[in-house]
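Report on the structure given below.
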């Protein structure tokens, strides 16, 4: 079974590589040319363009890594006939492989998305196209000729960012004359939204947004929860009582309402959003950590360590935290689900992630006017959101609830 | 065992009964919905949000003002002459009037027999009292400006002198100076002094006994269910002009536009203000029994460029006004306008119901509109040349213009909750990118948005205005930024100020047409903001409502005359 | 029992007090002037000054705090400038809607949850169990706001079976009490379902597990060996013991329910607490936001308390804890 999975993975990677070959090549060229540009002294443009183009560089790099590993799998398959089972037993509860794959997925999203998620189509013809339909789009290729390095880099970068789109109008061609624009038909896998943007690409970027916000919020939550839990567990009766009452207070208000209040008072930039999500989510983790800490404190080896003159910091690091890992991991995963849901709800209510950045919640919000005209706009983000959470829940259940 | 059987059977019976009940309910309601096309004696208006208050002193919400006009009496009422594009005043509580003292005073003869809904008579003291309340600073009315505009400095004793009660049926308004809007300003909603006098003036805005108003207009507010319904019933005593003909006018609060739309199709609501064009077309195509009315255009949207340095303005508390580094130059503002394809935006969103705007004077006012002006056309090449001439070039090659190390990069603020504006902002963003101008979009909740705008704390913003029926542009275009709080671009021009000052002195509004035409030429030349479009609002109303002459004045202004169409 | 009750109420009050303090300091730390933000744009300077004075904004921090606590104790949450009336009135006005929404949803949640849980436990480890467990996982995870939108577009916009918004038809739907009751139920059908489904998933999962646990207990095995009918065992032994766990879950689910209320009321345009809070947030109505938050907290605390007490009645061991 595992072999089938690996082969499937390899084939998908090769498939995507074939499909997006051109883009990957442009991105690698862009990296190379940027390095050259920095050395010949037009660093200004390179640094100015990193914000737009950096994600593609990283994506191309990550994709090359994937491609190498896929090639390795296929090579082994054909040479050795079968893949060995070595190194497959999951370490630490099988958490790392999926996490790594998820990380890779987030990195290569710019390559997977066929369109730039913010790029609008021609409003007269590309609005609200249903899934699996096409529309006229414009493709650009670069005129080979005697261009300067920077000029070439610029053209390539424009080509990467816009890919194929409606932006290659006459003005654009005047601006970047090296781009030869030809019209062709394109295909929108999951249709387009009210501004003619590709829903599939937007979904991919929305997933990225959700995962990144979720991961950041959960990390902060974990930090807060573990710190508060440990302090309560080790810090004596008064600290314990105070912190646990604080926990109760935060638990008493429905998280969404507290979130709404904080967002209303302090705003909703992504950073604040992460902080707010963490501020409203640390309580369960703190409780679990405190309970485990109190439990661990009574163990004999702690006494012994104390007698051996270990500092409290060392005891926590060596004896208490390792025991907490399994609990924290499962709590973190559940927290991740609720953060995802909370962020989606906030964005849906219009106070979370702000357009034009796509997020699953604000995509659903934007779909509201088109419920009867364009089902794909409302149904798909919800399905993806539910799917992610079900997957995480099922995963947590499989690996943490019934160990072994 | 028998015991268990009964348990068992009881359980099933209960379950069965519950199912049956639900089934019947659904069937029943399904059927009653079908029946709903029969004649009704009420009209439901679907509105977006709840009103703030029905107290005329404090109501700011547009729906509240509409309802107040139906409930409270006023000296005069406004009508719109669509052929001339001008408004006129007709008698209401005032039966007739005479101009005295070469137009500076107006003597009003009050109608006799007008009564408040609680039975007491509407008398001349009520008129005087109302204006005292509007003008009194301790009351803090939101209509303070409108009321004290013509009074001789706006303090209480002066109001008593300015509005002279001759006898029970005669009131004289002594105006500070002659101007065109005298009759209009005499038409504020009048308050029942016998009820208001009981309350301390600085407590009026919190008083809950005034929550359900007592008026003398064609309707009473029967019930106000917050976030749900506002129910008006005819004021059977009303003689201003007569009790409403429908037995109920219900304002139903449905925040989501698409729910309102679904409900006008199903007949649950009868009037849907501000329907979108595509939906109006669809209603007609699907032969829904509604009529589409066109309003105005009374609404324009504009991208307001902050002409002054907002930070410096805020720091010096409005004393230090220097031109904005980006938008202080009129050539740049012209260039920005030329880079924005307004025609395309209008074709995409408003089709035949929109037109390019170039000034704040609506084409609805035929007498004042300058139709010889041709608005700047879309021309990104000229835009680029203007930028280059002003020294903005992309020297570091990052795709954004710069000058002296500063990038042409700014934030466009838009209020949240308006999808069209958000979409237009996104389109403008793309179009400006084509001339290497970097614009970021920031959506802000309305309160915060206006807070920032009032503090001049913005680069550019999309804001639109509903133009008043009277040509009053001081608040929007006056050069004194402390006074003209809605001068969002902070545009200052001496000639504009002269025209605005002159407009306050004319006795007949339409006499001032040449100056208003000049005004439009200056605005078009200076481009303090990029006017985007005039938008004709559409209102859908059920065919069964007879006499629903919805026009520029609003939707419900003649609701008293609405009645069921004969079948 | 009394000491147990007194202890729980005491804790609840302390938490409520701390919550009030927290809300005050969040409001204090928030940037911007509450008066200016909530509609001050068009007010005259004197009104602003007067309002600031009335709201005590010109006082030092501790005075304001003391004043705030004093107000809250007497049930006064301040004055909403946007709504132009006391916060308490605004909240009290919308409570019936929220309570009928939440109450009906809890009942529906219990019916669906217990039914699925019982069926899953009855056919334990079979295909039915697996299907039902999957179903309960799916409905437990589905975001309420999206579910609401889907229900709305299918049953209201698509099939026209249910109204899309509001609590009742024009004029209450009819003349008799029965008719207007039917009208309300009809309007609340989809919101109830939206709100109940995720909670039902949670209840089903807990109930299934605790039924299976109870089924393994000695007294159940003993009764079975004595030949007591499965129905009696279920009704007299298994159900009461397993329901205790469900009630505990309900207590903790109240927070989730209130969060669900916010989105459900927004989707279906119901005139309740959630929409009031949303309106308050979108209009930066600080006093109203603070009032709503405290009120929501109080509801959760009381809900937890009730669940605790109910649990204590059913399962005496809890009282010792």
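What to note about this one:
Letters A, B and C mark the chains as written, and numbering starts fresh at 1 in each.
Just so it is clear, contacts are C-beta pairs under 8 Å (C-beta built on N, C-alpha and C of every residue); 3 or more make two chains touch, one makes a residue touch a chain.
None of these values were measured; they are calculated from a predicted model.
Taken chain by chain, the contacts link every pair, so each chain touches all the others.
Comparing chain pairs B-C and A-B, the larger number of C-beta contacts belongs to B-C. On a Cα centroid basis, the chain most remote from chain B in this structure is A.
Chain geometry summary: the mean Cα position of chain A and that of chain C are 32 Å apart. Note: centroid distance chain B to chain C, computed from Cα atoms, is 37 Å. Centres computed as Cα averages put chain A at a distance of 44 Å from chain B.
Across the assembly, chain A contributes residues 350-351, 368, 371-372 that each touch 2 or more other chains.
Counting partner chains per residue, chain C has residues 157, 266, 282, 284 touching two or more of them. For chain B, the set of residues that touch two or more other chains comprises 256, 416-417, 445. Within the complex formed with chain C, the chain B residues making contact are 1, 4, 7-8, 22, 25-26, 28-30, 32-33, 42, 44, 49-50, 52-53, 55, 58, 60, 137-138, 140, 142, 144, 202, 205-206, 208, 211, 225-229, 248, 250, 252-256, 259, 262-263, 266, 268, 416-417, 445-448, 450-451, 454. Partner chain B is touched in their complex by these residues of chain C: 32, 36-39, 41-44, 46-47, 50, 79, 82-86, 89-90, 93-94, 156-157, 160-161, 163-167, 169-171, 173-174, 182-183, 185-186, 229, 231-232, 235, 266, 269, 271-272, 275-276, 279, 282-284. Looking at the complex, you find that chain C touches chain A at residues 11, 14-16, 18-19, 22-23, 26-27, 29-31, 137-138, 140-146, 149-150, 152-153, 157-158, 255-256, 258-259, 262-263, 266, 277-278, 280-282, 284, 286, 289-290, 292-293, 296-297, 300-301, 304. Taken together, the chain B residues at the contact with chain A in this complex read 256-258, 347-348, 380, 396-400, 416-417, 419, 422-423, 426-427, 430, 434-436, 441-443, 445. Taken together, the chain A residues at the contact with chain C in this complex read 245-246, 248-249, 251-258, 260-266, 337, 341, 344-345, 348-351, 364, 367-368, 371-372, 375, 378-379, 381-382, 385-386, 389-390, 393-394, 397.
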